[in-house]
Amino acid sequence: MMIVMKAAATEEEIQSVIGRIEAAGARAHPSRGEEVTVIGAIGDIEHIARLDLEGAPGVDHAVPILKPYKLASNQLRGGERTVVEVEGRLIGGDHFSLIAGPCTVESRDQLLSTARIVRDAGASLLRGGAYKPRTSPYAFQGLGQEGLRLLAEAKAETGLPIVTELMDARDLEPILEVADVIQVGARNMQNYPLLAEIGRSGRTTLLKRGLSATLEELLMAAEYILKEGNPNVLLCERGIRTFETAYRYTLDLTAVPVLKELSHLPVIVDPSHAAGRRDLVTPLSLAAAAAGADGIIVEVHPDPEQAICDGPQALYADRFADYVELVEQAAAVAGKALSAVR
Amino acid sequence: MMIVMKAAATEEEIQSVIGRIEAAGARAHPSRGEEVTVIGAIGDIEHIARLDLEGAPGVDHAVPILKPYKLASNQLRGGERTVVEVEGRLIGGDHFSLIAGPCTVESRDQLLSTARIVRDAGASLLRGGAYKPRTSPYAFQGLGQEGLRLLAEAKAETGLPIVTELMDARDLEPILEVADVIQVGARNMQNYPLLAEIGRSGRTTLLKRGLSATLEELLMAAEYILKEGNPNVLLCERGIRTFETAYRYTLDLTAVPVLKELSHLPVIVDPSHAAGRRDLVTPLSLAAAAAGADGIIVEVHPDPEQAICDGPQALYADRFADYVELVEQAAAVAGKALSAVR
Amino acid sequence: MMIVMKAAATEEEIQSVIGRIEAAGARAHPSRGEEVTVIGAIGDIEHIARLDLEGAPGVDHAVPILKPYKLASNQLRGGERTVVEVEGRLIGGDHFSLIAGPCTVESRDQLLSTARIVRDAGASLLRGGAYKPRTSPYAFQGLGQEGLRLLAEAKAETGLPIVTELMDARDLEPILEVADVIQVGARNMQNYPLLAEIGRSGRTTLLKRGLSATLEELLMAAEYILKEGNPNVLLCERGIRTFETAYRYTLDLTAVPVLKELSHLPVIVDPSHAAGRRDLVTPLSLAAAAAGADGIIVEVHPDPEQAICDGPQALYADRFADYVELVEQAAAVAGKALSAVR
Amino acid sequence: MMIVMKAAATEEEIQSVIGRIEAAGARAHPSRGEEVTVIGAIGDIEHIARLDLEGAPGVDHAVPILKPYKLASNQLRGGERTVVEVEGRLIGGDHFSLIAGPCTVESRDQLLSTARIVRDAGASLLRGGAYKPRTSPYAFQGLGQEGLRLLAEAKAETGLPIVTELMDARDLEPILEVADVIQVGARNMQNYPLLAEIGRSGRTTLLKRGLSATLEELLMAAEYILKEGNPNVLLCERGIRTFETAYRYTLDLTAVPVLKELSHLPVIVDPSHAAGRRDLVTPLSLAAAAAGADGIIVEVHPDPEQAICDGPQALYADRFADYVELVEQAAAVAGKALSAVR
């Protein structure tokens, strides 16, 4: 961290800052310019996390030099990328993964018919929500335990590993019985007790970016999971909140190459929740694949007009195979091939 | 809700929309213009929450007419404002409440000396964090149970009711033993299981606006608490995330009069976390009071340079009385007087 | 427009709103619900533009139904897309156009060598700035007239039509002598006198989206040009301003399919200014092409390290041909082929 | 500026950066840490403005240390604040200025009656638009020259100096004949040729912050005017664009104390355009005054329901005196008194 002192900072203020840096266990390297003095604080992440010098007497501002995350950083493995294996499916590296299924588990028929269709079209994992975070307390909140049971049945029938969302640490156990990948929704990206529990469970996690989270905050949230010894984190861009009202969220595809530069973790894109409209899902999926994403998580429904939740953004199941063909071509431009069972 | 059909919508598509509105239990009122047909859907909040017609064939877009919240709405009580009583202190109405104290409980001395100072200067409640949500897993996470014990001691000694944050539903019981007001932080504003638990507890809640939550989403989060039978919710504006990088968050004071128009619930402002810098806390506090806020939650520390967390934004305890005097004058311009013990 | 009255609106207030709608030349269609009355105002764009009913007594809010633009709207031509011809090059439809060249014209050598390279690699138009809008008055402001002269020479030598920026209506005449396409920068998107002058000139215009302009505002800006009788407007997405600080702007690729749905005008993407970093330009270009953009405007420099302005985002001229090959593949996924001279 | 090198930067890359810093006329001070090398570039604003090192080989990122503006900076005058005199009225320092009048000059009666009312209530300057920037080309664009003539008459009659907007450099001369203060609207904040012309004219300028301009960009825009030798610039906060849709813009009152810390120029607030709604204008005005603003520019109309433009946000002229009384009280809390004619 570089601490930029005010032009009017006194020698005493400079010494006080140096003292606080050293008290935190870091080393201080002052360099005195003509106009201002800049003090470098050199130490590890734990030392720096303890320093809170902005606002201290004589301090103009502090500039972080090193990234505040360590385990999520690309530097950890010297640029080698993490490839996660989920029941024989590889995610990351040269593999492009399709995670598909309904927004919400509604019924046995709906789930099983969708699962068969997405498997046959080339999806590697099945998504489906049993616990749903809803803005309104009056909206459908998911089938809960019954939904988990149906997901287990869909896995038994199709062989597809399951991605499903955990909202409450108290539901971790039943979720662990069914989920091959635990999804953390955007609203829970900074639910730290939840992240720590998932970290301790060791289960592969799809961590969605909060709707106004910076990439650094997303990586710090991943760090909460990684720190507990769970290395299997998939980062997920799902649209951020901006001033634009012509569509639900603004899908931030610049995040794809930037996250891959900052971190070794795979990057998945969710075009369905970003757009909120089916007609935008295909162009955004192609864009995500061409930008180098490691996969897409997309909503598919056999009869979207009758869907209980988010029907307008679900792809029609009977046209899903055509969609996959296009996405495969776009991924190929970025040098990736559809992930297959090993 | 008004459903605006596309200019090219067919009669069949119009009838299908009407059918879906009626199936949800609402009534459909189509009005056919020269260019487009608009269909009104009339029903209560539960009916409307079930409708998800955007993206349906022939539908251009849907326009909500009624607010999606009911218990948080100003219409509930015909414009009468909620005044919450916490251990004899009134919050809301003509009362202006000062909630003050350290960001984090650090030690017995720090907490008790601050508590005495803020009580003597006119604060009605004592704030202090025992569980701290921190962006970095390497930063200090709060004293936990020991922090709660010290808060109980501070209350016993000064008589000030306690405001402290709950991050994890599994900590609800120990928090309920100490907290007169449970704080829900911005990162947890849409942690629905947490909100529902707090709702069931009945304890007064200070609900902070998420850093990119709309006012409607804040009120929907309040609705989760109210719906469980807990009417004592204080809304808290604490700065939103914008493109501006010259300060930590952008305090949104327009939210104060607008929340008071939309809802009967008291509105509190947190200038400390918004600004992140001590020198901005006084002007923003005065602005909040003049804008008509029902109170301020502000951080005070006997020795901010030594604070473990957020020291740069803490007011100096020994100058707190001067601050209160100015805030009192600004609140008076908006027609409010400092809340006193009954 | 639908005017939603307050629940407490009086009959007199309703009649007053009806009167004002009719006075503006539109027709009023009230529909009285159980809770609120909604009044439709039916008329053309000019009538509706005169209505400013929000805030009138008894009015809760007004909801636009029709789009406020007419000539830019997709409905104008029944869904037929505009294909613009610039010196024999087609822009729009199934054509994918590459507009390439240096940020700023720096010297004869720099411009001519870049022009030859981009032409040989398949670019249809040459970009280059003679007048540069710079945030700092101390930064290089462009070569001005001398820059225009060099652009004319580059066109004579390579046959490439020229795209260059106009910042000041008083420079229109010299620009018209050189520019085949006039660029309007993001900062001038709502410089209405400039837009009207360009409209009157009839010259093809590349209109960049303001950095916090909604798509509707971009289309309204286009409408200022179209209204003067100039149908040749190219819309350009170049990144919007969000809270994210990990890169310069957030490229909004959702704008591509949405603009193509709302408007018949071609949509170009500028990945260079959005990213501000060379390493992001290729993935974002591929994403833009796969999302269905009608072209890309990209910065190329023979020696970016020595560029006077925006060197860090310029592609290396000697690797430009490889870039074009990839972009061509991505455009093909979206059904487009590189535009060729007729 | 500090240039932070990548951990993997080679000695050659470090030397190349040092070479480029020196070639721009600045001095390079490398400091080599264990993990990364940081190179300080020391020089004046012109040198630094020429450096564009982000993206250069081996460079991780560049961190500005000094502000990019000089004449607008608080350091210019050692903390002494600018007080601008306009026809005997003082703006800045301990003075609180009310600039009031209609959004648009509509008629002789409307303007003159408003002018008399606002003068009698204590306003120091009269605002009124003759040239209006409108999002829609179909909306009323102002009375133009006739509007200017009426403003001159209003000044002759009431003695109030005139504030009116300039949109087009070609209208500068007629505006200079009437305007005591030239207003630059938010959409033109980065219209650099316009700013430079105004700078050369020497006339006092009210410069509105662009709707997504950072404070630094606002000060750089002011620098364009100041650099031409015109020291009389008033900065104006008028609301920024955020994700919130419950009101038109988000008034950013944190900008008030921060601009006063960064710059010596007076800071004015426009609550009318920020809110777009009359009922919010009073609380936001009080908040602005309490936050320490040097004045308010506010819209007043004798009959807002009949206003051609922005009627919903105009205060009723016949209640303006009550408004002024409250604002005066709020300004007093911040230590300011209503500006009077000398």
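Remarks
Going by the order they are written in, the chains are A, B, C and D; count residues from 1 in each one.
Everything that follows uses one rule, which is that a residue touches a chain if its C-beta (ideal position, glycine included) is under 8 Å from a C-beta of that chain, and two chains touch if they have at least 3 such contacts.
Everything quoted here is computed from the prediction, not taken from an experiment.
Look at the CA centroids: the one farthest from the centroid of chain C belongs to B. The two sequence copies chain A and chain B touch through a face in which the numbers common to both exceed half of the numbers used overall.
More C-beta pairs in contact connect the chains of C-D than those of the other pair, out of B-C and C-D. Look at where the CA atoms of chain B average out and do the same for chain D: the two points lie 32 Å apart.
Chain C and chain D have Cα centroids separated by 27 Å. Separating the centre of chain B from that of chain C, both taken as means of CA atoms, is a distance of 39 Å. Looking at chain A, residues 212, 241-243, 245, 279 sit in touch with two or more other chains.
Taken in their complex, chain B has these residues touching chain D: 212, 214-216, 240, 242-247, 250-258, 261-262, 274-275, 279-280, 283-284, 286-292, 326, 329-330, 333-334. Put simply, chain B touches chain A in their complex at residues 16, 20, 45-46, 49-50, 52-57, 68, 133-140, 167-170, 187-188, 190-193, 196, 211-212, 217, 220, 223-224, 227, 241, 276-279, 304-305, 307-313.
Against chain D, in their complex, chain A makes its touches with residues 2, 4, 7, 29, 31, 33-36, 38, 40, 42, 63, 65-66, 75, 212, 241-243, 245.
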